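Below are two complexes that have subunit A in common, paired first with subunit B and then with subunit C.
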Partner chain A sequence: MDIDKRKFLKLVGVSGALWVGSRLAGGLSSVFNIRDRFDKQALADAGYEVGTMVPDPGELKAKQWAMAIDVRQFKTPEDYTRCIQACDKIHNIPDITTQQDIKWIWEEPYSAAFPEQHNQYMEAALKSTPILLLCNQCEFPPCVRVCPTGATFKRQDGIVMMDYHRCIGCRYCMAACPYGSRSFNFKDPRPYIKKIDPAYPTRTKGVVEKCDFCAERLDQGLMPACVEASKGALIFGDLRDPDSDVRKVLSTNFSIRRKPELGTQPNVFYIL
Partner chain B sequence: MYNSGKIITGLVLFLGVVTMPFWFNIGKADVKPDPSLDTPVIRQMKVKHCIESKQFMIDNHMELLNAWRNAVVRNNKTIYVSTAGQYFTMSLEDTCFHCHSNEKQFCDQCHTYANIQPYCWECHVKPVEEAANGHR
Partner chain C sequence: MIEKAFYGSKKYWIWVAFLLAFLGVCFHFYLLQLREGLTITGMSRNVSWGLYIAQFTYLVGVAASAVMLVIPYYLHHYKAFSRMMILGEFMAIAAVSMCMLFIFVDLGQPMRVMNVILYPQLHSVMFWDMSVLSGYLVLNLLIGWTTLEAERKDAPPPSWVKPLIYLSVVWAISIHTVTAFLYAGLPGRPYWLSAIMAARFLAGAFCSGPAILLLLVFFVQKFVKYRVGDEAIKALSKIVAYAMSANVFFLLLEIFTAFYSRIPDDMNAFRYLFVGLDGHTALVPAMWVSAGLSIVSLALLIPPQFRDNTKLLTIALVSLVVATWIDKGFSLIAAGFVPNPFDRVSVYLPTFPEVMIALGVYTIGLLILTILWKVALSVKEKSIA
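Moving on to the complex of A and B:
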């Protein structure tokens, strides 16, 4: 056999590489059956470079997310708890029955939600109707201006977001928020969570938390949990898009916002 | 030399005390960490391969995770394109723990050995380890 050492080594190298390559290609695609919710074809078509971090091709995009709450559609206690529980469940929100409770979305009487619009002799039905409250995702959020670490910041799509990794628990944001939308973890919340959903982190003692319009769901192409559970009573969409659902209900109904005179430009609207 | 007896005794005692940790640990080699890769999901893999090469993950997993968290939380980016061109959701819970469901064996061993205490678990939920696995 007239094969010299050089040729032989080359042959071994090439066939070895081929074998490893085929094993890897076959192996990798079949073994990872992780809960991947993204569209693989769309990603492949986008032709991203390897080693990069990219958005989900199915993400929901907006210039400024906003919510309209149709108060008229909230009739029974069930209508409220449906929305509140949807949020509590997926975000691992503890149920603490003292003043140290954690609230992302909750209810208050009209007089507490709109103190400056509370007339002495007002419509009886409205007077006794609880109002759903949550972070207003203000366009000019005072909480963001005072945060010393950048833990609370405004995303491109208008959502006022929390990065719990960076929160040092100084609570400046709580003092700055005129709506009481933020809660502080005075203690480890875990013992107070009925059932921990492992897909979402809990928070830890010493950080502030609040509603973030389900940013993690929007990034995966899903609507906020409370909107999904509300059976149409919560309307969600892009405030800068004249054809969006929110803009449509806002242009045909009378709506108010909480403390608009403060100039924070709240992005949660109430249709009465 | 005055008081040489006292000085020499003192020196010997001093040296003995200072080198005490060595005497205590003599002959007891520290057990090198040997993180277990034995989980039900990994067992079923035909080719055992992490999202990047093993050496890259050993050297750089902390930096990779740090880049992931900033990308996901601060820049709405949720997907990692690996060197092999595969796509992964950037998530401890959904991706890493899917295979490495044995946190005690896989994470804690090296972290304890290197005496570092990452506080991921204060918020991120540890995978439920199977009792049948012998972990726990």
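Moving on to the complex of A and C:
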């Protein structure tokens, strides 16, 4: 009996070790990007046609996308809502009115947008001007650094993206973001979407989301929705290209960024 | 050895049945959360972590505190702890299990939890926290179970356990250090962005963990013949006294830096906690209770004549556990999000379902502890007889 028990335990131990080993190998393989090949093979085995994504010939490319927000051009409430609604509509942003709301681009008073850079004696007009806020698409994004699954990541063109299918909903990125730019789907957002646009995926409950500079539109050769709706108040372009529109306005106007002292290098600039 | 858990007195079975029944009630609320999402909690866009993550943090400390027995016993051959060791190690197992469950119930997409292993991100502190916590669980299971089994057979523990024990010392420190790094490395949260966070966590752990252990021992001794011995209790309460002193000292260091420098970012969270900020005073009474109980616990723990009196010691330990729980098991997380990036205060209070889910995790922890201690005490009582 005793020998049997020992044998049994050995068997359990060996198979356990094998299992752990295979999981470890799986984990390591993804580090070296081998996983991708396995996934393609699996798709092919399942009878799917495995092709390669062919980029749109008209896609907009940049080394580092950036936005300048010309606050001076925002005069009426419609100037703001135009931009916000353009985004909300095409990205299926739910209209949740509680503290568990979803925001990609929204407005805040100057004092909330720049808590460190305001004082009670400043120019009244500026003080009362709302400021448009969105993800800063940081060059050194803390959210990407902390994400335990790689569900949020930085693209070659500097856009900080979300993989809604990989996100486990731990919300570490929300704790890490110094700009409050991230929202969590505390509940199923679909009942709160006024009109679902089938061109963009709706999200499920339990994942984090945020502005992605309309990466899907750039890929089709279109400017971000808010930029298009802004009538020139939002200037978008490649920060590494000295001749780009965004560089031109930045080199000729006074601009500030949110919480520059944190070293995240935001790519959204505010012209005051 | 596990069979010892299946033979017990009527009281034992009533206790187990009670735990299981209550767990059933709590599980109902978890199903609700699974269906509706984390919307059933009090968390929000601004306070995106709450009770669950706070319990996780507190319990990592409880788990790490086993090292306060391991160091004296194995490194300094302090034999008085021999009858306490296994209880501490098994409590660590229950605590780590609860830590993992608290992370799990906090996830928005729990069925994707394996993504942390499938797509490991070496730059994420959370990946490392998961690794050290699972490692610590395995270490304690191996060490605790093997040494207990050896005792049952009246044989010395196998030689391969020794290196694991030494490893567990470093490992225990690491689990709470890495847990502190979860918070202390975030740029936009001034209350957490502090180099002393890990040290504060460890000091808090080394007083609250042994305090909970002692209270549990006092409770269990009412029902069993097994005694851990007066010397062990005295020694451990001395450790609690030192650790609590360090814990309070570290907190005062934080307060000095914030309030002498007068940097608003550093002061705001403390203001929110102790006097209220922008008219929000929800946590103020709790924080003063915490401060008051900290003083009570120190006043009763530091003078030996009070500390060695079991009744006063019990009061001191209960005060200490409540005080440290309010500080680390609740306000640390809630205040970390105050003020938010827009310089506003968002008040967080857990909801009833959220509390029930948290109690459910605690119930599972108690169940694990009950079973492990039942096994340990049965073996111990037999080896004495």
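What we mean here is this: the second predicted complex is superposed on the first by the 221 of 272 C-alpha atoms of A that agree within 3 Å, B and C clash if a C-alpha of one lies under 4 Å from a C-alpha of the other, contacts with A are read in each partner's own complex, and residues count from 1 in each chain.
Throughout what follows, a residue touches a chain if its C-beta (ideal position, glycine included) is under 8 Å from a C-beta of that chain, and two chains touch if they have at least 3 such contacts.
All values derive from a computational prediction rather than experimental measurement.
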First (subunit B), second (subunit C), both or neither touched by A:185: second
Contacts of A:59 with subunit B and subunit C, given as first, second, both or neither: first
Which of subunit B and subunit C A:263 touches, first, second, both or neither: second
Subunit B versus subunit C as contact partner of A:220, first or second or both or neither: first
Which superposed partner A:228 touches (first subunit B, second subunit C, both, neither): neither
First, second, both or neither for A:100, with subunit B first and subunit C second: second
First (subunit B), second (subunit C), both or neither touched by A:108: second
Set of subunit A residues, in rising order, touched by both subunit B and subunit C: 23, 26-27, 30-31, 204-205
Complex contacts: residues of subunit A adjacent to subunit C: 23, 26-27, 30-31, 98-103, 108, 111-113, 115, 142, 145-151, 166-172, 174-180, 183-188, 204-208, 259, 262-264
Sites on subunit B touched by subunit A in the complex: 44-47, 49, 67-69, 71-90, 93-95, 98, 119, 122-125, 127-128
Contacting residues of subunit C [partner subunit A, same complex]: 36-39, 41, 43-46, 48-49, 103, 106-110, 112-113, 115-127, 130, 182-183, 185-189, 336-337, 339-344, 346
Subunit B-facing residues of subunit A, complex: 23-24, 26-32, 34-38, 40, 43, 48-56, 59, 153, 155-157, 161, 163-165, 196-205, 215, 219-220
